[in-house]
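Below, chain A partners chain B and then partners chain C, in two separate complexes.
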Partner chain A sequence: MRRVSRIEGFANDRRQAGTSRDLSGLAFTSSYLVLLVLFGVFPGVYAVFLLFAEFDQGTPRFFEAGLENFRIAFTDFRLGEVTLNLAKFLAVSVPLGVFLVTLLAVLLHMRRSRGAAVLRTLYFVPAALAGVPAVLLTIFMFDPNVSPFAPLLRMLGNESVVNTLSQGNLPTIFMIISFFAGAGAWIAIFYGGLNAVPQELIEASVVDGASPWQLAWHLKVPMIKPYIIYMLVIVFAGNVQLFAEPQVLKAAAVAPISPTWSPNQLAFSFAFELGLFGVAAVISLAMLIVGLLAAAIVLRFTDLFRT
Partner chain B sequence: MALSSRRRILGDRTGPRLAIGERLPWHTNIVRRIVLAIFAVFWVVPVIWLVLAPSKTDNELLDRAPLAWGSWEQLGETWTDLYSFNDGAILDWALRSLVYALTALVIAVGTSILAGYGLATRDFAGKRAILALTLVTMILPVSATVLPLFLGMNFVGLLNTPISVILPMGFFPFGTYLAYIYYRRSLPPSLLEAASIDGASHWQAFRKVGLPLSKPLLGLLAFLNFTVNWNRFFLPFVMLNSADTINLPVGLNALVQSTSALRPTFLGSTPIKRPEVALASLILAIPVAIVFILAQKYVITGSLTGATKD
Partner chain C sequence: MTIRASRLIIVALVLALVAAACSGGVAETTTTVDEVTGTTSSEGTQATDSGSEPSGSDQPWVIDEPLKVWIDPPREKAVTLYLETFPDANIEYEFVDRGEFPAQVLLFNAAGEGWPDVMFAEPEILARAADEQHDYPLDLTPYLSDGVVDGFYPGGIAPCLDGDRVLCLRNDIAHMVVWYNAPKMAEFGYELPTTWQEYEAFGEQVAADHPGFLIGAFGDEQALDTYYWPSRCPVQVLDGEGGVFIDLADQRCTRVTEMADNLIELGVLSKVGPFDPAFVEKIQNDEWLLFPAANWYGEFVFQGREDGLYYQTGEGQVGAAPPLLWEGEDVAWTGARGGAAWAVSQHTGHPEAAAHFVEWVTTSPIFQGVAGGYPAYAPAAPAWAGNINDNPLYANDVVSVVTEAADLLDPSWGSVRYDYLGTFVDLVIGPVQSGSTVAEVFGDLEEPLRSLAELNGYALIDSEPAR
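Moving on, here comes the complex of A and B:
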């Protein structure tokens, strides 16, 4: 007993003594540190300066703008519309996405057969289409003229792609795109979490007469709660940044869509069409704050970090 | 004997045994199978359609069954049409995407491994600050940093150069964080002490002890970095603005925009129509699909869930 503690003390001492005047740690970290400063710290700090900067022919004049950038951003006539668009998209995509991923992971996990493993792979492979290809494929899938789902689309009263991609449907369409490319990876992660549920607990519940649904709802889902919360935070923060989907839909020009459908597109338009980088920075900051606030609220009302 | 071999077949591969109690009532299993099948259709049918579409003409896409195969000749025609767009631009885009993603990958994995190793095995001034900044930049959304980066690149005159996308793509805080955790767990200080007692320099200790332990980590970091960077859209869309620098996703967006290939009523003379767009999308997806299928068993179900657990 005494010997053990002496050895531990020795190791601790050595570690402290051997490392305090040592520059090798910094040497190992230096190449990353350069990137961290250039592409992590600099943009973060510069974004704050941009909030109060005025631009003259692309040349910034710092602190000249005062609160003008905020005034322009918050009184823009498109702001209400893009916020509403984004709110609708988030309201559909976040809860439904998390619910369906949980449901599918639980269903797959009810019987861990070869077939379930194959399905997990099949669900995951479309992630290879993430980004521009997923948007283009979605346009095809919602065009009753070429889609394999045409009978379903017609049954729902859509005669052409202009009907299916109408303004009212867009939040749902964008939800389907992000779910199509993103859900498979989350299902795999949730499934891994379900595998970590102790077998004894499952067996004990079954002996007590729990049905597969009760087992899922009262034991398995609570056990993967950290993953569910993690997904909520990540998907919300990611979906606030919506850009590629409406942008590519606009480029394809198959159905009328507002050139600035999402807040991120509005920021892009301010920066690169009008040269008002400060105003764009204000909108980017607002999106960042919304994402952080949502994360804080989710973490506040769940016990993710309370162990 | 028979029982034990049966057991081996059923369970031992990835752990979970087929528990007695999870034998499902028939009605539950029917509901389960129907739901799983509906989603299998949702994910698989569009992919099959996309694979088959380039083998048909645009008219055949309209007239024939959606999941019918066209012909090899037509597939060749579709490729010729796609290749004719700006004299083989599709190959330039793809090659550039590959160069950008692979260069960024080397930078990202190299710096992450070195930094993760240094942070995990050494103590030095500023270490806590570096770790904290890494965590903060990990959650910072791309759209919040792209704008200041654009102005910075503009200031140093690097806009519309490969460097303007490769270097930001090579900054990989998540990878550094994963490497840090990995070395913290897998490298006991005693092992490094033994190496330093044997007279190895810090660099030699890394080469002889740290690096050989890093194989699974290298694979995971390369996988994560490549799949994100190969189909990057927003960053290159902002930084690159000419035909001789853009990558495949930005090129595909330009292709669709400049040819109006997807507009149902547009009677253009361009050979770029729906089958060509489908083929271009497929080309963009294939490398990642291959990486997924090769790495799926190891990366997705194993290390990745292991990394977020704990």
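Moving on, here comes the complex of A and C:
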């Protein structure tokens, strides 16, 4: 309570000076807010209306479907499979992604040489290849006939791209694609967080005889915990929406993959093949709820907003 | 870290709506080829103005606003040749990704405008745009010349027919023949099989005498068209009234499955598709004898030209043999992979002009002679010979083999609205490549296909329609 009132007092003191500051803040964020409302908030709210809408030749008739869209979505014969596929992907991609990013950031921070700065930039490079080009590159990387890693792939028993991109490997493949597409940005963020760790704490630990690893594990990682939790929430919510990777892999037709591998593809299929936008809205919002639930659970058991 | 796909979709949706809203204007990629002069043909203009009279005009192509035609780059010739033949015609064409077309139709329906007057796409795509939700194609029956539909190969026009309605005209058909390695067949002293039973025995022989040589591919969606379609396995038989018959336990399916498993086990039937680098390498190394595949493989895959995929030189390496017969049956039916069609929008303001264009491009030897694909309209077929006669790749009279096989294209293989090929690849090809036998997994296809059929508005029927 004391803390809150202190903040209020602080705000009161600043209120008059703050008006123009608020305005300039608004001016700086306005272009983003307009886009957010147009392409984020509005479609989201529209999707809520679509939940109960019936479609006639692409034209919605609102509130006429009752719960029919929910029935179609939740009794669909592919729902179990897409959920399982997504669960496998999340189980691999979220913990491993967070772990590897933390590890790389901490390693970079251990020796702050010129080489580390170069590496930090290098980690960022694959982010330029996000999405479709990343998938196409992946196809080449995993084809033993053209890949620079062909000997390794063959050693692991892969004679053709259909072996490497076989159905059992897909969650891992998608994890690799999404990891390289996003890791660079997160490493940069974590690195910034590590730089903010007070130097006197680090020096004190070193004086007390902490090894670099002890320093990392007992001091640095706990100090950037809010960043790690933040990444966990964002990456989980993002990965629930897996779409481009399986869609492009399917379109490239190099390996057998279901036309509806992920829930987002299932939603896409309902919307744009069958014209059932209401059913697609049900699946989309279900994914949103899963992401929000996961975020709520993470925040409930951690202290992200209390630090 | 994943691309925010839902946002992409929303952006795409908004862009498409904007595009639809602007459809009166000319999009960036649109090319206006010709404008009506308005002075050259007053008769024609009068006749078109009467509008409601089907096929009543002498010059139905003379219209006051351009016909909006959606094509792919190879079909540009269709428009330019039409405009050379009918200089008063008025066409505006656009290159599009036709895979997106059914989705776009929904957006146009919602916007109430934006549909192309004429659409070029595979019958599968047009079928998707023909259900209740999309309801795109116009019934061409009143606008076509008398008897023109009868000129198409039955197997070619079948996917365009819905009961009495003619929803599209087929541009080309891609029926299959048996391609063979002429020098190697002669060298090994083999005779060409004429039946599927002989084909299987041939595979056993090859496996024993010349292990490593291939006699076909079972590694992508083409396997279904190549092996199950000619056997008339009831993967999807339509009754013309919204019903579909599916029975994968039928003997006409299991005999193919058994043959495929045997030949895969022997190593003569490739487990990777014809475009997999491993398969291409086999062909380039001349380690193949037979290959049942679509008629366009000759010009577009074997090629025998410098930039060819399979062969970079033409030295009489490749011959074509007729489709194989299942012993005990009367007709050696064949399947197909590919071949597109032209449809007209039911929202068009110029049905006569659109139908005239569609009829001309599918039937005129002027375009069909240079179109590339085998004409679906039988009287135009001789013009196709000009495409391939001078290719030194061929070891025999490929033209007459392909021409005779066109009549054998089975019209009873339903052109359905759902992605049966993708499902087949996912549930059969995938597991087979991971070590399952076809017999173990082919039956797994039945339930998903039934569910997809129902989801897409088909009624599942219990008895096989007459074929």
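Throughout what follows, the second predicted complex is superposed on the first by the 264 of 307 C-alpha atoms of A that agree within 3 Å, B and C clash if a C-alpha of one lies under 4 Å from a C-alpha of the other, contacts with A are read in each partner's own complex, and residues count from 1 in each chain.
Definition applied: contacts are C-beta pairs under 8 Å (C-beta built on N, C-alpha and C of every residue); 3 or more make two chains touch, one makes a residue touch a chain.
Computed from a prediction, not measured in an experiment: that's the story for all the values here.
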{"item": "Partner chain(s) touched by A:Gly182 [first = chain B, second = chain C, both, neither]", "value": "second"}
{"item": "Chain B versus chain C as contact partner of A:Pro212, first or second or both or neither", "value": "first"}
{"item": "Chain touching more of chain A, residue-wise (chain B, chain C)", "value": "B"}
{"item": "Chain B versus chain C as contact partner of A:Val146, first or second or both or neither", "value": "both"}
{"item": "Which of chain B and chain C A:Gln167 touches, first, second, both or neither", "value": "second"}
{"item": "First, second, both or neither for A:Phe243, with chain B first and chain C second", "value": "both"}
{"item": "Partner chain in contact with A:Leu274 - chain B first, chain C second, else both or neither", "value": "second"}
{"item": "Partner chain(s) touched by A:Pro126 [first = chain B, second = chain C, both, neither]", "value": "first"}
{"item": "Chain B versus chain C as contact partner of A:Tyr32, first or second or both or neither", "value": "first"}
{"item": "Partner chain in contact with A:Gln199 - chain B first, chain C second, else both or neither", "value": "first"}
{"item": "Chain C-contacting residues of chain A that also contact chain B", "value": "39-40, 43, 58, 60, 130-131, 143, 145-146, 160-162, 238, 241, 243-244, 247, 253-254, 264, 267-268, 271-272, 284, 287"}
{"item": "Touch list for chain A against partner chain B, complex", "value": "11, 14-16, 18-20, 22-29, 31-33, 35-36, 38-44, 46-47, 50, 58, 60, 103-104, 107-108, 110-113, 119, 121-133, 136-137, 139-141, 143, 145-150, 160-162, 180, 184-185, 188-189, 191-193, 195-196, 199, 202-203, 205-207, 211-213, 215, 227, 230, 237-238, 240-241, 243-244, 247-248, 251-254, 264, 267-268, 271-272, 277, 280-281, 284-285, 287-288, 291, 295"}
{"item": "Of all residues in chain B, those that touch chain A in their complex", "value": "14-22, 24-25, 28-29, 32, 35-36, 39-40, 42-47, 49-50, 53, 61-62, 66-67, 107, 110-112, 114-115, 117-119, 121-127, 130, 133-134, 136-137, 139-152, 154, 167-168, 170-171, 173, 176, 189-190, 193, 196, 202, 206, 227, 231-234, 237-238, 249, 252-254, 256-257, 260, 262-264, 274, 277-278, 281-282, 284-286, 288-289, 292-293, 296, 300-302, 304-306, 308-309"}
{"item": "Residues of chain A that touch chain C when the two form their complex", "value": "39-40, 43, 55-60, 76-78, 93, 97, 130-131, 143, 145-146, 159-163, 166-168, 178-179, 181-183, 235, 238-239, 241-245, 247, 250, 253-259, 264, 267-268, 271-276, 284, 287"}
{"item": "Residues of chain C that touch chain A when the two form their complex", "value": "1-11, 14, 102-103, 105-110, 128, 132-135, 219-221, 271-272, 276-278, 281, 418-419, 422-423, 425-426, 429-431, 433-434, 447-448, 451, 455-456"}
